[in-house]
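Going in written order, the chains are labelled A, B, C and D, and every chain counts its residues from 1.
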């Protein structure tokens, strides 16, 4: 059994990790850290876990952990890593954005299995991708892999409220967000950096703009992204390319039918739909932001790092409605 | 023109008052007080008012106000009234619960026009009813008026999130409240006091229990209440009684079709539906908690206090969807 | 492996069965019947199953089925059973209401494991309970088991839209149902019959009324029921009673915190909360109407009928948000 | 009083017209036609109108109508106009798409007041714009008016469910649409024709592509559109241009704060927000699809045609939540 600890255990991504790890046959959660919740039952913060766990939040890490998931939020992971709280023998999977951009200061591997599967298998430190970034990269990587990104890319994507975490803000208030839609951070979303880094990894000379309009949707879970660009290749050629690229990737599926967010909610799947119209290829993609966009992908990375079947504990029943 | 001031101008009920007063032909809003928002545009707190008002929040009350609406929240109205901030010449309509229960310490009239129309006309101080209380009283008053409340009354009612105000809490977070339902304050909701007071005003000897199960719904506006009790009278007799009781009340309607919350959303209407089954009469009622359950009713009271037609400024277009 | 067939495979409960059976380690789905969808991919009707199944709808039943789930809708199961379409060697689990009421004409066992576990283990034909009925019975059975139902019972319960199936109607249209709430079938809901039958099974002399107000909620999945009645016993005594009654029931949990529907969504759990106030005991319960209220319970019954661990394939990750 | 008749009176746009006309001081609705609802109360089809109207659906048009609104759906208006059902003396405002594209066969004026105010004033027949088309045109017209559309335009826009009318379909079912988002008709939406026609009216040589990704949102009312293109002009210059263009247009407002759909819900307003970033100008716009996107705009056109103040009956209270 892999001994797992979680730092930052009271937030949404930690809750989702716990939900998933409860059903993972090869792991045992040995400590869940949260300074703010120290001494409380984990099932008092994550109420749906009532009856599934007796764990109590602690402010100390169990030293015999095999792997630690960092769920403390952006900016804090760097502090934690540098504080020597974590012994160098322990593998780390960081769900924050702190180590996603390559840099001579750290040795984190960018944990998108569909891009870096082999490096992940031997990695000691993983930077788990962002949720929008995961959906958009899965939509574009096959094109980059054969150098077909030769024009500006246009992206519009809509996210559920859980993407904003459990902190309260005017845009997570039910009275505001229900029955609503809005645009934010147009052209400047922080995930653009990791998206470009990955595309350049496959297509070094790609230097066009990615115009990204993020939207907030009136739903709690999921992301839908629509990406399009001018392209010469035919729809049939592009479909073949995507089928080939994803043939050994158990969580990515191509669909002939138009997509909606709920097709993948509560699963680790990504589904893509391709359509060419008037010289543009449109790639629509859907994921669950908390699963494939965060905690499910973190477990997928863990599975690879520990030599398990990639899908272990991740064959999840969709909730769909 | 009636000169209106609002104290506690940044909250939901104040916003709704401003929306309504903007379309009221006989009023002019002369000051909107908010210590926390002092100096900001009113339309920066109530963004939908963009283009409709140039008002700025102030921390001073204009002394030439004819009427003041108190929207500061429960417990604060008493403080304000006792502080002599408000000159005794100014009429006051208080939207908090501070003065709803009769008491020798104050002279506020309970502002439910369907119960106290004549007293309201000559009142100087009005205690505006609670939202649940309004819906439940309108459902039961005709029975009390002829002494037909002779058994325990069972009430279940569901409210939109705006009923909880704009403060952030775990139960107003979109990620929690969307797609959800929950029970709270079962049997102990604070509106029971004012409900019983009004029923006893009409049926002095009524002394049965009112068993009230409040629920939180996955919607922003509106209340639906279902009240039932054992009764001898026939459905036809009861319908006749309700028609008579409400015949001169412009905002209360009886419907032969089953009700849903959106039938009245964004209006000052209350719609009631009556059904007798197996010895029980069921009265279902719907109102908009922010309009008939708060700010619309406050304006209805103002209209009565100033000798205006009761419906002035309150013939509102439903949003329905 | 248990060979499973489904009749009426295009509806919501059949879709949910397929989702669950895909993750059940001891079953193989060998035929999915649907006359209207004959020849189409199952994943074209249940789009979230894309990539998880290659099954095609058929109009013929595979004769070597070990068990058949009937999902054809109320009234049709009786026809199917009488038509001799199904050989007498095959076990049947019927999700309709056709055989829930005991009757000398049939030998179906009422499939509520928390009431009839032993009978289910040796049953050949199971009538799977209704969704409201499941939630309300789980809330009341412990009281009936010791004869504590000695007054009228008051029930209010709210259901998600999937409870109405996938047929289109004015009350399942998004424009109507979103942001809304409504009452229907007050006092006359068809599940009252099976509820009373079960309560009388444990407390033969119970003869009081159950006053049931069903509501439609603005959510897709889940049921919350609030039941109350007058009772002498203390809250502590009643909690002890419930703990005892459910001690060997893996899916029923008692919670000290107030409940909401999303605590159990996408799981086979039922969670109950007990509160005594002013002489009344309030039992609030939540289930997922499609899982514990339909297809999950059907599989729980199948597990019992085939001598499997009751929880096999039913340890599901909650979606919670 | 203007005598108004409505053909196709049972649908969403007709319902919204009736809601608006009930509060319009200069109109009287004299007949509401619907073959399917003949003889029924109008308030039985539009239940929120309970208590506001005694009208009954008819299958005959009152011949003394001054103006007729056609709400029968796309394709049917042409039939009706050609059938001579409507005498040539009666003004017509058609809410379908049948006459929006200019054509020597008809004399309908495209009824977007912000583009064609003067022509509308003297028009006899009006083609009322589409909902997406209204929002997108208002976002782009000022640029076209000075020839600044000199590159491809990218548009993503999300619509509420009422935009699809009240017919039942899989994408209007609550169980599907709640908590969801989806893309449809990418690059091929039928409103592109009228949008291009209007842009060319102001900027004849505009010949670039408009890449339009429509989305379905989990809300009932409203449209948000985000349009962007490469542009030389500065943000300040563009803001000045928009202020000038809309200075005499009472329903169009510029906002310095980011937009959301609910800022305009239940009003005839359009609010626009401008932001330049990296050489692109982004114009975000919001309208209510049933009001400014349909029935409100139709009444705005009627007001202009009959010499009334343009805003008559259209100063509406926002519902905002």
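Following the convention adopted for this analysis, a contact is a pair of C-beta atoms (placed from the backbone, for glycine too) under 8 Å apart; a residue touches a chain by one contact, two chains touch by 3 or more.
Being a predicted model, the structure only gives us computed values, none of them experimental.
Trainee: When you check each chain against chain A and chain C, which touch both of them?
Mentor: B, D
Trainee: For chain D, which other chain has the most distant CA centre?
Mentor: C
Trainee: Cα centroid separation between chain B and chain C, in whole Å?
Mentor: Here the centre of chain C sits 39 Å away from the centre of chain B.
Trainee: Roughly how many whole angstrom separate the Cα centroids of chain B and chain D?
Mentor: 34
Trainee: Nearest whole angstrom, what separates the Cα centre of chain C from the Cα centre of chain D?
Mentor: Here chain C and chain D have centroids separated by 46 Å.
Trainee: List, in ascending order, every residue of chain D touching at least 2 other chains.
Mentor: 12, 160-162, 175-176, 178-179, 218-221, 262, 265, 321
Trainee: Determine the shape of the graph in which chains are vertices and touching pairs are edges (line, ring, star, complete, other).
Mentor: The chain contacts form a complete graph, every chain touching every other.
Trainee: Provide the residue numbers of chain C that touch chain A in the complex, in ascending order.
Mentor: These residues of chain C touch chain A: 12, 15, 19-20, 22-23, 44, 46-51, 160-162, 178-179, 220-221, 253, 255, 257, 262-267, 269, 271, 290, 315-321.
Trainee: Spell out the part of chain D that touches chain C in their complex, as residue ranges.
Mentor: Going through chain D, the ones touching chain C are 12, 160-162, 166, 168-169, 172-179, 218-220.
Trainee: Okay, in this complex, where on chain D does chain A touch?
Mentor: It comes out as residues 154, 156, 158, 175-176, 178-184, 186-188, 209, 211, 213, 215-222, 224, 226, 228, 258-262, 265, 275, 277-278, 280, 282, 284, 321.
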